[in-house]
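Next, two complexes with chain A in common: one pairs it with chain B, the other with chain C.
After this line comes the complex of A and B, so read on.
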């Protein structure tokens, strides 16, 4: 390099350095006069219908005022929780997050989210399962819920000679077992029932713990959430476990079903499908005589899970007032209707349901709303839930695999109680 | 190198002389061929299933399971799933990101690890045995145990950020390309592979080069590296594969969609109703670069692995 070129290079570097320093000194104040940015994270990446609604609400909010600008960052659902946990570990949480219902208490306990601070009457007319409450305070609200249901075909039930259960008169346990025996007797299906036993993760807790509750058991003693003793290993829980495994022993259900139980049902591999109402469209598109059935009453009434994705205010948000303003703005019937139309799931308020034909009185999907209203049991609202759920998932899998129900449930209770104890009862 | 080529050519020489085969040799040859065919089927069928399923609607994929139709492009075959993939995710952006991240990681990895290995294998200095042992000891620490401390660390590092025509310092490397590259450049296994290979190159070559006035860097660049093609190819593939398949780390450190690699993109398809056809189409698309790289380097890769194995 010639001396002249060296001089030019040195001068250029000096200019760059000065520019850099200047940018450094003005970096933090650059936005002082403009609107403050509120970051919002959603799990809707890859789900264009839901993401479009989120973006629409954000656009409306940004246009409605000039103090704040909400910026959306979407993540794919299966990667979302890990991304939030990693962000919390590095103090990089955004201002607004969406959170899966059963995780609300845990995220509140872990310091990821804070009470929403909106007036209680904001949530009037909202399905309780779509509110994330901790110690009575609302930490999160959701736009929709999902419901567990059974699907079959009128022709199958007619051939088997069983009645169609209704919300008012669901199948009793004996009727349910009789229906399985008769459908099995048709000898047209690999299995009479498909409960998605090949599923993993939260599906196991979401799908099967309501059956445990219908028998009279539970995942944990809800009086103080300090122990699972008696709830998860009492006589009712034992009865559930024996019944659950019995479905496999009797040949009514596969120990491990296919990867997609809805596809298998539509392809004629089972006569009765137990899943969530996300399967509604697929089943109804496939069969003109598809019927939606409430889950059976296994002792204490039919039960289904509750609590889907909800919106919350993250801890440490520097623009908490703006984030609250957004959350209040977004809690509008108009957006509940848009969500309901886009995702096809149960709208979280009765007002919104009234504006969606399928969910209005007499609508073809009204049954899901009624079930969510009448049969829903929120998964235990305790910070211990993620651990309890993981223990239950293992216990249910072991029971399905033919293990001794009593020892499996006793061990599950011991594991849960130890975790609660080791975490000081999750009280702080 | 001599041992290696002897090993790799001996079986070929045997099978190329059918006229001279005895009955026993012929039977053994048939048996080996059958065994190889079974292995090919065993390893190729999942890939075939993926490719074929990527052309079918979801319901048909499950209807065909359990029969040979699952491996044949029959029924309602179309490219709809591929169109769906491009509609659903910014595929071009994801694959470009992965190519940049994997490519730069491989290039820097070859440079850094080969230089470290050169210092350990060819230079004489006190404590190099201990240093080599320490480097190898890091192999037993799984990445998952380092992930959180590493996250904390990269979040504290300063970085320069372009802001129009000026540069600004920013704290933290999160949500950048470099956070997906730099932590994976230095790699103990790569150092070991290079070390083993360099150690087998005659030292007389160094001495001859020094006689000609070459320094250590010239010996590294002009003597040792040109002789280390198989080792470079192996390190390139072994660095590329985990970089390409990286999931946990980008999940933790990348928030912006425009910086996400292909493996995170796969998660976009796992919604309440999973579109298995699109999953298969996306998986097929992201497998192509890996297969292409392997085909390009397979001779060197196999030679180097065989060589490492023989030297144990």
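After this line comes the complex of A and C, so read on.
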């Protein structure tokens, strides 16, 4: 009864229209006479470049054999997670879903997705951040990753008289602050630095928790994922909070930056831009002397986030073998290259990178791959992540708004610990 | 035989309300392999000790206490003005009504631009004060964020309230005005003794509907401030949505909804009592 209640509850909470949609495309439609249908859901609706690649892979797979037919159902990104939650509540999950990296552990825990069951050597040469691993088992793999980077112009750095940091020798915290002071001193920009503080939602966790980690703090104690005590409110975290707010106090950064930090940078409103490498093309198109810089080393080395959209095998799939076959078929360098070309982000395997000139050895975007390889820290692989992220988003906004860092972080830790405890440690 | 309307009413209103009541006493999660357990009043105990909840309640009342009278009053003034028998009233009615037919999300986004430190509003204030005014970072200032949202909300909602007042005004028979004029009543006395009593029904309706609308403040917050800065704009509904969806705590969000339900019910009953027809 309680299980039934839970389903009804979750379903009624979810967007009903989407639930209706979900009900229309049932998980599998095995047919004794013809090929079995494997349904596949993607969030890429509205993103034609990405959707075309997905459709291309599916067409290739369908043409390659006659046992299975994969059917693509695309959703707009904003409605996608709701659709999956609603479908899971009514036992209508498709066979293959895509899942945002930080949600993998949560969905695995909730029984939405199952271990992929592909041989481990399938994933050789793949960036670790693009694999959704839970307890050592691969639940999902992605075709691309994103790197956080800083952008500036050679002329700005020259005018300010600061050195260009490199992967081998990134700016230290002092050098970074010195660079900000000097760029600020040029008095040519509204703000020396734009870190996209006008952004909301997951961007806050994705963008700023690596800085916290670079200071030596973290979102949660990763030894057993049972508490955030000491990680999110220890001396390192406090130091991060003071530094973060300090950027606003010193006038280096806006408390809430504009709608589009990349556009603002291109329009000359800021001297230094901190964002994801999706900004690459825009920045390089605008400036001939654009430079890509690694994030500063704030104590324990530069850190960047990892983990973007990945493919997974849903629980309860009646054609699991066929779905596995598809997932193995789709894990082909050819498709990694196609994805890389279509979305322009970092290809997830070294083999694919070698075939994309910009990401090959010596290519102009190689730096992103190197950073993803060397500096990436995946967001904590715990089912508690969605909660932790939400709490961190509020804490980071409150810190930026000038609240007392100690009480904000202590409250955040208390909230996270209570949630973990309420969920029985998220162990089963 | 059950009529379709009743079926829909049950499915989309009664069932969710009953569910919210039941779930509020469990630790149900939106995504979880664990079945919900009955946890008694734990959610409410947590709620009452949560400073963010109290901030939400305070902000919600603050918003309602300012917006309801201002929006109703301003709308009445506009309604009386556009009800006058002069040329161009249709034009003004349309203009005042325009924001109402614009989506609140769009309105919120536009006003977010206007409230920026170098946005339209600061520039305008600087211009009319000949530089005597220094720009305010409206939405980042804990003191100003809520008033800024109030101003925008009144601007957006006033047209609709005006239309309701207008319909009320037009139910008042013209003979009453003629008669009072013969009796020598001036404009103010006409308003006080003819218009105002004639609007009794409309008044009650407007009071109840815009109070409930004000209490359920959410869209503007979600788009413009996400409850910040420093909880100065968080509201009860915003907190319920954040707990339920972002943080997946279905049980806790239900408890917040239940508290919200009690709050709105109490306020509505008080309003009914105060605006009852005295025999």
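Before moving on, here are some points about what is shown:
One rule holds for everything that comes next: the second predicted complex is superposed on the first by the 397 of 428 C-alpha atoms of A that agree within 3 Å, B and C clash if a C-alpha of one lies under 4 Å from a C-alpha of the other, contacts with A are read in each partner's own complex, and residues count from 1 in each chain.
Going forward, a contact is a pair of C-beta atoms (placed from the backbone, for glycine too) under 8 Å apart; a residue touches a chain by one contact, two chains touch by 3 or more.
For clarity, every value in this text was computed on a predicted model and none was experimentally measured.
When the two structures are aligned on the shared chain, A:333 is found in touch with neither chain B nor chain C. Contacts of A:227 after superposition: neither chain B nor chain C is touched. By the document's definition of touching, of the two partners only chain C reaches A:390; chain B does not.
In the superposed pair of complexes, A:258 makes contact with chain B and with chain C alike. By the touch criterion stated above, A:276 is placed in contact with chain B alone, chain C being left untouched. When both complexes are overlaid on chain A, the residue A:46 reaches chain B alone and has no touch with chain C. With both structures placed on the common chain, the touch criterion links A:424 to chain C but leaves chain B unconnected.
Chain A residues in contact with chain B (one complex) as well as with chain C (other complex) are 258-259. Considering their complex, residues 2-3, 5-6, 8-10, 12-13, 85, 88, 106-107, 109-112, 200, 255-256, 258-259, 386-387, 390-391, 394, 397-398, 401-403, 411, 418-419, 422-424, 428 of chain A touch chain C. Of all residues in chain A, those touching chain B in their complex are 16, 19-20, 22-24, 27, 41, 45-48, 73-79, 82-83, 86-87, 89-92, 146, 258-260, 262-264, 266-267, 276, 278-279, 282, 286. By the touch criterion given at the top, residues 58-59, 61-63, 65, 88-89, 148, 151-152, 155, 160, 163, 165-170, 172, 174, 248, 251-253, 255-257, 264-265, 267-274, 276 of chain B touch chain A in their complex.
Per the touch definition, chain C reaches chain A in the complex via residues 15-16, 19, 22-23, 27-37, 46, 51, 113, 116, 137, 139-140, 142, 226-231, 242, 244, 246-250.
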